[in-house]
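In structure tokens below, several structures.
Both complexes shown next keep chain A, but they swap its partner, so chain B is in the first and chain C is in the second.
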Partner chain A sequence: MSSHALPTAAAPRLRLDWPKLARRARLKRVTGRSALLAFLLIVSLPILLPYFWMVVISFTARSGGVSTQVLWTACAVIAPAVLIYSVVHIATPSRGLRLATALSLLVIAAVLLAGLVGRQLHLANYRFLWNPNIVEELRSKATAGGQFPSVWIAFRNSLALAISQTAIILVVASLAGYYISRFAFRGREAFLQGMLVLHAFPAMTLIIPIFLILHWIGLLDTIAGVMLVLATIELPFYVFVMKGFFDAVPWDIEMSAMTDGATRRQAFRMVVLPQVRVGLIAVGVFAFIRAWEEYIFVRTMLIENTNWVMSLYLFWVSDDIMGVDYGIVAAVSVFYVLPSLLLYVFCQRYLTQMTIGGIRG
Partner chain B sequence: MRAMPDFARAQQNRQRANFALFLGPALVLLVCFFIAPVVVDLGLAFTDMGRTLAVTGFTLDNFERMATRDSRLLASLGITAIFVLSTLAVFNVTFALLLALVTTAVPKAFGAFFQAVWLLPRMSPSVVYALLWAWVVDPNERGLLNQVLVHVLGLPPVDLRSNQPLLTIILANGFIGASLGMIIFTSAIRSIPEHLFHAARADGAGSLAIVRHIVFPAMRWPISYMTIHQTLSLLVSFEYILLITGGGPFYDTTVFSLYAYRRAFENGQYAYGAALSLILIVIGVIAALGMWRLMDMRRLLQPPRIEGH
Partner chain C sequence: MARIELKNVRKQWTGATAVERIDLAIDDGAFIAVLGPSGCGKTTTLLMLAGIYSPSAGEIAFDGARVNDVEARDRNVGIVFQSYALYPNMSVLDNIMFPLRFKKIERAEGEARAREIAALVRIDALLDRRPSQLSGGQQQRVALARALVKRPHLLLLDEPLSNLDASLRLTMRTEIRRIQRELGVTTILVTHDQIEATTMADRIVVMNGGRIEQEGTAKDLYERPETLFVASFVGSPPINLLDGHVAGGEIKVREATLKVSGSAAGPIVLGIRPESLLVNASGMPAKIVAAEPMGREVLYSAEGALGLVRFIEPGAEARHREGQNISLAFHPEATLLFDKASGRRLDARIAS
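Coming up: the complex of A and B.
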């Protein structure tokens, strides 16, 4: 807008229709922004549609058939609602108006959806939650190593793996992160550089020797073994993230604690640690999500079906019955993806706080 | 040492105890499951370990086989080059940059929403993401891509996974790979001082001129970091390829890292797999060394201000 102000200074006699110019500038800005938003929407469709398709399949598919009609009906209802809301959002800065539009559109869309596709929705695909023999029921015999375990065994294993790994990472990374952030010790620079190399180093290349080491020490095919491996290969990353959070804590806090007679361990535990709460949450959530989604390492190192985690359970379910029944595979996927998505959505503002050496990851 | 006063000895003991307490756990884990595997791989590459996991002797056979007798290796190197370069050039750098520019130009709520959408694949489990692709490229008329092609555009259905397997894995990896670059480039754009944009606007610069003269100069460092980082991670990660195509049809999408994995865990040639991985390990170390030159070393190595323990 300021660029339009320049000519008046140079040519004061020129009559300028200010309201018209302002209108034109506003129009230009709105069209520019709309074009950018349309671009974003179009390039994001290949991500949004498949996720939506998965949810639709899980609630509508029946054995042997998938209805594509529900997907497009739902899109035909939701897409205009989103478009209308976007236009309103761009056009008005008023919060109340935006909220009212959002609510009324939500109600209209819900009513339309209930009327148009409501009768085709059902929960039968989620029966794997209470019926452990789902694969045998569909195929008479599972091909993946005999009996399928109940989904809750896999769920429990995943939870055990993710929680124990997160706990180890939180303890070890905050101790090490604090030490390299705040303590002077011989070889500190060399140690930091070594850690940086490990951080950038692709641990995936070590999968063969790690497999052998676990075999030699008897931890192959145990949750504990996989947990230690996963915690370690991600450790350098989390140590640097925690170091970043400790670096940001003012020195004065620690110094005054020590002037008051605290030792450094006490200062760490009682004064500094509460200051990096955000960092602990971010690291915890991120580590949990990473462990929850792990596939390659668990695929290679967990063999018995009682040791399956959710990723293996879903993989074998899809391997066994994808051709027969889409619905159950989609329902298991939704069940599996939900915890990490909820964590991600609710903790996003913590996750964006993580930085390493000036680089956000 | 004999004449060391008591307080100095106590100080030294406390220093050692603190070192063990704070750094000990991390060191033990890293030595057992990070350093040791590197050493084991180095040794393993010179053995003849097969399916029985027994070593009968040391040999250079693996390297000879790699250099002279493995025609499939050469093919997989070609596939790796195409896969890494095109994913990197199209998605992980270029498209990531475009996303960062556009999401920072639209109103904040929309920008945040679309960034969250692009992070969705990264945050959802890899098996689920691979299944989504299976449903998208499903060759029958229920495949999402075919639904769009047939009903919306009126084109004949395609079987992307069998006919264009390499394109499939490039797209699948690209939609994930773009998000990391997007985040790093976004924070680089946001850290450009606001007054530079105002000054450029006042001087009559258009949006493209601003991107060219203000944003790009600030992006040189993040872009070179991302290029090395993503080259390395594309080079070694085969998770989505294994899940979506299994390296197939036949060996058509078996990139180098997947080739090492398949040799070890499908054919039981652990020693040969280890020898193949050794190449990746060497590349990994070189790239890692190159990368920390790009980090903010002065801030990272800032000495601590309290000397006592």
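Coming up: the complex of A and C.
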């Protein structure tokens, strides 16, 4: 009978070893974060190392072969610094201590690098910025047909292409996105689906017809022609993105503006557009970078060397002097990558919000 | 300020009718509430008055002049949305001054007017803030100030209190009423909350299924509901509605047989408000099913000769236990009889 009774001494078994559990949780947290950090460091290595190498080559390489000595020396300094900082970061939650570690490591690394490789740094590879005749100088004759153009002509062309494309896309995508988001019209569904299909369609397959069309209308080998082609191909995606942003703006705000005396256009400009500012910035940055990095279409449709854009300039430089002078190729690459990198750094706060959309109240 | 009229107004969307038919006249300076469940067409009516939607048929008139084709921006209507719809990119002051941008008003004068109205709704200390830095109640006041600054002919309030917590709701109810009286602006409040409607408005319009069910004061609606819908929608806790059958001057409800005075025949619905039922030895037997103390009174459910009914008794504590047998009586003059088929109230009641 008594065996069926509940054990009266059950209470003490509930007493738990709280300090031990806390220790275990702390340990789990630290190992988890260490593993994550190690993983991220390892997977970022194949991405970061080539860029780093490119920068190193551009500042150190001299005519002739390429040496990896500076790269490995620099890595030998930077890798331990990163590891030490990671350990400190995991070990302490104190912001002050982390900052102090980061700063002192930076100073030590800078001093070490200056001492070890400082004397090998030089700017000679960047001479293409003021001397357009690098190729002739190196090989006595360029394959790109006569005189190599100044890099600034290519830079100007790239800038013109990227800025005009950004402007076209911003204007068209915001107006079209707004219209699709707000108005019911016949064929709206079909239009939306059509845009998705257009985006899924590989634009490369159109390259021959586009080439011929541009030839017939006389826009072949002009920046304006490439700009129109790129904008057309890119637009469906950006219209879609902007529609998403406009969908997130409540109707009430617009109705309110209209009862307050605004016309539909004024309501759009004064009330709705400021709500999608993040979307406009994101679309603008992506459109710019996309045009800046464009290669295939410009390679096909721009011929004269005065119409080269940066990607073509880089291509011809590497085509002509690869194997002779890696330093200049690397320096041109750094110069090419810089504008989009700067843009990305300044706007990344907005870009990360692109998929989320929406407005803050 | 204006006298507002809606004549046979109808709004149809492709495939659905939002408003069947609205006939309504609102006196200059009046405060009326449009009360109804969600989807009854009250917000559509409001947006037609504002000029956002145009009616499919009928006429809307301000001071006797047809305004159907007048654009929203020219109607001079102030509207407070449920979401407040403040412009997040502007400061509170700019929000309030926004409507004045479209009128030929000097900036200095506009700002003076905005500050004056801000003082009236008591947000004069918040003018430099952004809407996102304000609490719900403050946002509500900004929205009200923005609607009022243009000195509207008509002020429309679309569920203005439903996003506020209970105590703020009480304060804002009184505040909106005070401001409306002070300015004398014709006001229409749209709400699904009967307390809001009865406490704030002079007259209440009950809407259901795109039609007006009844229009009157809170007392009219409560004591003399014209339809079953109004009887069931107005009053909390809700009225007891009991199916019955009238034949030969007698009404049969479940096991009870009662005398009827007035003309009634066939299937009917008997309505008894919870406060009209009382525990009295002369009544009919019933058994308490549930006792729910609500603070000032106790709500009981009882199963008896009339079927399942709810009644309330004053007091904080329950005096009857669940399962207890009691005897329930009611005041015959407080009963309502409705025709079951049409849902309309009959000119008859239970005889004592």
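Observations on the structure shown:
Simple rule for what comes next: the second predicted complex is superposed on the first by the 332 of 361 C-alpha atoms of A that agree within 3 Å, B and C clash if a C-alpha of one lies under 4 Å from a C-alpha of the other, contacts with A are read in each partner's own complex, and residues count from 1 in each chain.
Heads up, the rule we're going with is that a contact is a pair of C-beta atoms (placed from the backbone, for glycine too) under 8 Å apart; a residue touches a chain by one contact, two chains touch by 3 or more.
Source: prediction; values computed, not measured.
Following the overlay on chain A, a side-by-side fit with no clash is recorded for the pair chain B and chain C. Comparing chain B with chain C, the partner in contact with more residues of chain A is B. Contacts of A:187 after superposition on the shared chain: neither chain B nor chain C is touched. By the touch criterion defined above, A:255 reaches both chain B and chain C. Of the two partner chains placed by superposition, only chain C is touched by A:275; chain B is not.
Contact with neither chain B nor chain C is seen for A:96 once the two complexes are overlaid on the shared chain. Once the two complexes are overlaid on the shared chain, A:212 sits against chain B while remaining clear of chain C. This overlay, made by fitting chain A, leaves chain B and chain C with a least C-alpha separation of 7 Å.
Comparing the two complexes, residues 255, 258, 359-361 of chain A contact chain B in one case and chain C in the other. Residues 2-3, 6, 32-33, 36-37, 39-40, 43-44, 46-51, 53-54, 57, 66, 68, 71-72, 86, 89-90, 168, 171-173, 175-176, 178-185, 188-189, 192-193, 196-213, 215, 228-229, 231-233, 235-236, 239, 243, 247, 251, 254-255, 258, 264-265, 289, 292-293, 295-296, 300, 310-311, 314-315, 318, 322, 326, 329-330, 333, 336-337, 340-341, 344-345, 348, 356-361 of chain A are the ones touching chain B in the complex. Looking at the complex, you find that chain A touches chain C at residues 250, 252-253, 255-263, 266, 270-271, 274-275, 277, 359-361. Of all the residues in chain B, the ones that touch chain A in their complex are 15, 18-19, 21-23, 25-26, 29-30, 32-34, 36-38, 40-41, 44, 53, 99, 102-103, 105-107, 109-110, 114, 116-121, 123-128, 131-136, 142, 144, 147, 151, 175, 180, 183-184, 187, 198, 201-202, 204, 207, 222, 225, 229, 232-233, 235-239, 242-243, 257, 260-261, 264-265, 270, 273-274, 277, 280-281, 284-285, 287-289, 291-292, 295-297, 299-309. Only residues 47, 50-52, 72-75, 77-79, 81-89, 98-99, 101-103, 131-132, 146, 150 of chain C touch chain A when the two sit together in their complex.
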